[in-house]
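What follows is subunit A paired twice: with subunit B in the first complex and subunit C in the second.
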Partner chain A sequence: MNELGLLSNGVNPVLLIVVPLALAFAVPLIGFISKKIIKYIPVLAFLFNLIIAILLIPKVLHQPIIVKIGGFQPPFGINLYVGTVGILFSTLIALAGFLVSIYALNYIKEGPKEKYHILYLLLLTGATGVVLTGDIFNLFVFFEILCISSYALVAYFGNRAGIESSIKYLIQGSVGSSLLLIGIGLLYGQFGTLNMADIANQIQSASSPSIFVPMVLMITGLGVEAAIFPLNAWLPDAHSSAPSSISAILSGIAIEVGLYAVIRVLFTIFGASNFLMFFVFLGVLTLLIGEMSAFSQKNIKRMLAYSSIGQIGLIVFAVSLNTQYGVSAGLFQMISHTLGKGLLFLAAGYMIYRTASMDISSFEGIGKKMPYTSLAFTIGTFSLIGLPPFIGFPSKFMIIKAALAKEGILFTVLVGLVLLGTVIEGAYFFRVVQVIYFKKGNGNQERKEAPITGLIPMFIFALLIIFIGIYPNFIIKILNSAASELLNKIDYIRSVLG
Partner chain B sequence: MDFLSNNIYYIGAFGLIFIGLFIILVKHNLIKVIIGISILETGVNLFLIAVGYISKGTAPIFSRPGLNAKNMVDPVPQALVLTAIVIGVAVLALALSLAIRLYKHYGTLDLRKIKEQRW
Partner chain C sequence: MSLELLIIVAFGGAFLTYFLGKISSKLRNSFAVLNALALVVIIACLYGQTMEKSFYFGFFSLPLILRNNVLSWFFAIAISVLGALSVIFSLSYMRNRERTDFYYLMMLLVNAAMLGIVFSGDLISFFIFWEIMSWSTCILISYNRGPALAAGMKYIIMSIIGSMAMLVGMLSLYTTYGTLNIATLSTLVASSSHGYLLFLLIIFGITFGIKNAVMPLHTWLPDAYAEAPSPFTAVLSGMLTRMGIYGFLLIMYVIVGAGATLHLGHGFFTFNNILAWLGAITIVIPTFIAMLQNDAKKLLAWHGIGQGGYMILGIAFGTSLGMAGGIFHTLNHAIYISLLFMSVAAIQYRTGGVRDLNSLGGLIKKMPIAFIGGLLGICGLIGIPLTNGFVSKWLIYKTLILNGAPFLAFAALIGTWGTILSVYKFLHNIFLGQLPEKYKNIQKSPFSMRLPIIVLSFAILLFGILPGIPLKVINAIDVSLGFKSLNVTLWGIASDSGTLNTINIFAVVLVFGVIIWLLFKAGRKAPKVDQYDNYAAGAAIPKGKYHYTVDYYNPFYRMATPYLKDFVDVFYMKIAKWTQNLCNTVRRIYTGYVGNYVMYIVLFMAFLILIQLKWSVF
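Coming up: the complex of A and B.
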């Protein structure tokens, strides 16, 4: 432990953003030397990020790190706020980025490969920047990096579906970003600062109508990327037309980061505890609509995409309970969703690749021919439904427990609706598992097992899902610390402004 | 009349924002929708500049002694707008290149005819 402490002393969290960003722009240059090594660059970048983030965890748990870029004292200049929430998310981003980039080594064979790796690095740089920044305009910039690279990656294959979904995503996303920027402008006009802690400090004495408008604009703008119910029309198209490795990142990282931004804006900047009841209802509505739409899908990737909407609803519901336990449960569910949905998209990617069809019925009998991939897929579905001993069980259990701890008949009814959503989720996931294992495939078509670079990330995802499912205490401490960081805005302000 | 002249930049900015939103919501031609996005972004940029503007203000550069900081416009929104313009250009370029590819696939830019992806 001492050695870890020594190592992490010299580590600057800025490296988490700088290294992938610099490598992204170095990719074309390295391409001059050798085209073959380009695909290993994201692997290296996110392995590095993962190590740095894990080294920083003990230090951050002790005390949040404030990085002052350019040496300006906050509220001037841009600062990074590396709290528990930030480090939790950046670890998650680095982990998913690392595993998915291993998967992409063999999966991305056609198209402009060089650009894929540049955009992939930029996407995750943007995501890391959003979760670490302490400046509201800097948040917008990183958010745009995330969004623009994901618009381009959705259209990576250049086929009809990809281009169409990408343009839809772009139109909705850029309207959302404009709304976010108007909100930022309104806040700057009132408080004359862009530092999140400084705004949070001054907002306590502001009149409520003048902060309500920027709040609505910002939440709507960020909500487009977070796919909260009325703003999620782009999601099923974009997630199902993107390459599977990108779907895993979009579903596991991009919408979670959008949701993080919504939560950060709501809790830390506006401290809006009296609007949260609205988000409780919105969360349950998002959950039910997502699960019911997923139920009626025949296309496997669309089904997974709608299931992501449902999971987002569940997270919104848990977080807006506004209790310590509820917020930690919501963050736990985010981790569970990233691991579970990442695994599902990766497994589905090779199943689609081998059968050349996204139709669920074409997976008949694939359980015998691709046993490892099918097993990974099954673990992912069981985890998302919430069966023990997988990670979905403790996270969903915590959400239900947190909701029942709130008094009143209303929350009991809402918990009933959430459980109904889970039952629907179980129904459609079990249907797929049944098709994979218990239906006889037609003929003896050759379906090769996924290559080893595909199986390793799936194996690690599955291992983490089972490990954290059995020992949830492994991360509960981090989650509790993260939840108190979100709920306690006074500490946030004090640690930045001193 | 006083209200109008005092807030003319805000009125202009929000006018552009609403025109942009209207075009995005109502028009069916993809190129027009992209133009709408561009107008919307211009409106937002104008709004940001208006936040920091002082009428008859000067650029915030202390070029010679004796300049009064009171008459200088706020430089922060200008820096923000510079960034926002660059982001807007990136979005616009990406949108137009996607429009070209879309036209190659579908032979039309009418958004009513491009709906293969539906639930």
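Coming up: the complex of A and C.
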């Protein structure tokens, strides 16, 4: 531990953003040397990020790291705020990024591969930037990097559906971004600062109507990416027409980073705790609408996409409970969703590749043809439903407990609705599992697995799902510390401004 | 022998069996049997030991506890013995099926999960094992493909609803009392307000009512029993469904406690009275629906629901006699219903999966062991004296009479009457009457099928003649739950209104048997009628197959069918349909037109502003 501490002393969190960003721009240059090694660059980049992030965890748990870019003392200049939340998300981003980039080694065979890797690196750089930055305009910039690269990646296959949904995504995303920018502008005009801690500090003494408008604008703007109902209409199209590796990232990382931004803005900047009851309802509504829409889907990726909406609803519900336990539960659910949905999209990717169809009915008997992939898919579904001993269970356990800890019949009813969502989720996921294993497929019964580069990430995802499902204590300390960081605005301000 | 070892052997053995199957199927089979038998031995060694041990702290630092007491032991030994027998039975039943490795894995996993449930000393491990049991059961039910998929789906949906109810109940206990340890809870909960206790009993009652198929939560059961692979149906019907009874015992008499449970409500509407009435309904309606079935497994399945009603009736009253009756009936039911399903499975195995009662017949001589199993099974099911079902039904009747519940007793009697009518059809249409031509060369069942049938048949008689053996343990359960001890002897049991003495009955039956035998011996020797000629006992009949058992009870059917539809199931299916339509409607929110989507964004913003203007929350 001591050596680890020593090692992490020399590590600058800026590397988490700089390395993938620099590598993204280096990709075309390296492409001149050899086209073959390009695809290994994201693997390396995120392996590096993963190691750095994990090394930083012990130190960050002890005390948040404030990185002053260019040495300017906050509130001047741009600073990074590497708290537990930030490091938790960066680890998650790096982990998912690393595993999905391994998956992409073989999965991305056609199309402009070079651009894929550049955009992929940029997307995750943007995501890491959003969760680490302590400057609101900087947040906007990283957010735009994230969004723009995902617009492009959705259309990667260049087919009609991809381009159409990419355009739809682009339109809605731009509306959101503009609103966000206006909101930031209003704040800047009012307080003359872009530093989040400084704004948060000054907002406490500001009159409420003047900050309400920027808050609405920012929440709406960020909510589009966070896939909160009714701002999430782009999601089913975009997630289902992107390449599966990108769907995994969009579902597992992009929307959660969006949600992080919403939470950060709500909790830290505006401290809008009395506004959260609205989000409790909104969360339940998002959950139910997502699950119900997923219920009758015949296209596997659309089903998974709608299920992501449902999961986002669950997270919003948990976080908006505004208790220590509730926020930890919400963060836990984010991790559980990233792992579960990531695994599902990766597994579905090769199943689709094999059957050349996204129809669930075309998966009949695929359990025999691709046993490992099917097993991985099943583990993912069980986890998302919340069955033990998978990770979805402890996270759901925490959410329900947090909700029941809020006294009153209202919360009991809401819990009932949330669990109703789980029942619907169980129904459609079990239907898929049944199709995979218990419907006799016709035609070619030959056993042909996904390539090893596809199986390894699935295996690691599944392993983590089971491991944390059995041993949730593994991350509970980080979650608790992250939750108190989000809930404790004063500490945030003090640690930045001194 | 420690409980951790037991759980490790149970779960580890299941997975090891799977991997051994990849090496050789012989190795796998012997290991599966060995594993199942090892569990029996370990559990047998645990008899009489009371222990409680926290074994794991990794789950949010909640101590996960395994504990053994007489109640757990009783259920565990039944589970493990039945599990072992049905694994043995599977050896030949599953021989030529696909994915047998997977089948054994799931079978042993279900077994292990059930053991985990009964040995859990806290609700969180209870819930975890419960869920593992639920999903692995769903997978096993779906195993046969085709219609089994719908059955599995129905099961899992109801099961998830049950689990969610339990999750709420469990977490509500956790937030209220800060612990999930069953022993601690049992000292804390009883003093809560009546409203809260009722909430607990109802919410857990939903969970366990679904599992135990109490009406109106029973609809998953007939399809699931009928479509699951038959050796697994034996486990499913015998013990798995009865985890519901274990759950009811746990919540009613361990956690809430008898004192508090029995005083909830006023007049007629007390919790246990309502439960008893639900039990009575569960006896009557399914038993008569069973009469209409032409599918052997469906017929038994409906009886499975009906018999569950007897158990509920027994435990609902919360007297020591009733408890003994309910718990003993759980054991007896496990024995005879799994025996019956195994007999059907043996028939299915030899006839190539036929379970339609109208196309079987006359198999008595071809498959004598299966017949004996079937005969003793239905005797137990009806509750004929000297079979085990008699004793437990006797106890339940006595309870109803002593508690002054004539209507419930009448319902229980009607249930028995319906049982006799319907199971006679079962026995007759399979084993008696004319042997269809195509089954002329049928062989008797293989040894690995006969063995479990013989063991279970023996158990029926043993517990029927010497009910004191299990009743001694059951009496200990009674005492441990705080009821007063019963006066149990090896061959009987005393109640306030008369004593049961099976030895006397045995002696009487024996004497009469001998007399009848002598009479027949003295009388004229009966002519032997060939099995193909038994329709009119040797008199001339038309050529070809003439099976009068088709449309058995036809007048009754015509009269009763309209009333004996499973209305509840129809209702649930309608709800499912509505839900589906609703989901389809909701999905239309995503119109696919981007203009609408942008409008949503603007509307959302407008809505936020509206909230602020109206309530000025911020």
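Operating definition for what follows: the second predicted complex is superposed on the first by the 494 of 498 C-alpha atoms of A that agree within 3 Å, B and C clash if a C-alpha of one lies under 4 Å from a C-alpha of the other, contacts with A are read in each partner's own complex, and residues count from 1 in each chain.
Heads up, the rule we're going with is that a contact is a pair of C-beta atoms (placed from the backbone, for glycine too) under 8 Å apart; a residue touches a chain by one contact, two chains touch by 3 or more.
As the structure is a prediction and not an experimental result, all values here were calculated from the model.
Contacts of A:163 after superposition on the shared chain: subunit B is touched, whereas subunit C is not. In the superposition on chain A, contact is made by A:278 with subunit C only, not with subunit B. Within the superposed three-chain model, A:96 lies out of touch with both subunit B and subunit C [touch as defined at top].
Using the contact criterion defined above for the overlaid structures, shared-chain residue A:423 touches subunit C, although it does not reach subunit B. By the touch criterion defined above, A:293 lies against subunit B and subunit C together after alignment on the C-alpha atoms of chain A. Once chain A of one complex is fitted onto chain A of the other, the partner contacts of A:334 are absent, as it touches neither subunit B nor subunit C. Of the two partner chains placed around the shared chain by superposition, subunit C is the only one that A:470 touches, whereas subunit B remains out of contact. Once the two complexes are overlaid on the shared chain, A:431 sits against subunit C while remaining clear of subunit B.
Applying the stated contact rule after C-alpha superposition, one finds that A:182 touches subunit B and leaves subunit C untouched. The partner of subunit A that touches more of its residues, comparing subunit B with subunit C, is C. Shared contact residues of subunit A with subunit B and subunit C: 167-168, 171, 175, 236-237, 293. For subunit A in complex with subunit C, the touching residues are 167-168, 171-172, 175-176, 179, 208, 212, 215-217, 219-220, 223-224, 230-231, 233-234, 236-237, 272, 274-275, 277-278, 289, 292-293, 295-297, 382, 385, 387-389, 393-394, 396-398, 400-401, 404-405, 412, 415-416, 419, 422-424, 426-427, 430-431, 433-434, 437-440, 470-474, 476.
Taken together, the subunit B residues at the contact with subunit A in this complex read 17, 20-21, 24, 30, 33, 37, 40-41, 44, 47-48, 51, 74, 76-77, 80, 83-84, 87, 90-91, 94-95, 98-99, 101-102, 105-106, 114, 116-117, 119.
Subunit A makes touch with subunit B in their complex at residues 137, 141, 144, 148, 151-152, 155, 158-161, 163-168, 170-171, 174-175, 177-178, 181-182, 184-185, 188-189, 192, 194, 236-237, 240-241, 293, 302.
The touching residues of subunit C, counted against subunit A in their complex, run 57-61, 127-128, 131-132, 134-135, 138-139, 142-143, 145, 148-149, 152-153, 156-157, 160-161, 164, 167-168, 171-172, 174-175, 579-580, 582-584, 586-587, 589-590, 592, 594, 596-598, 600-601, 603-605, 608-609, 611-612, 616-618.
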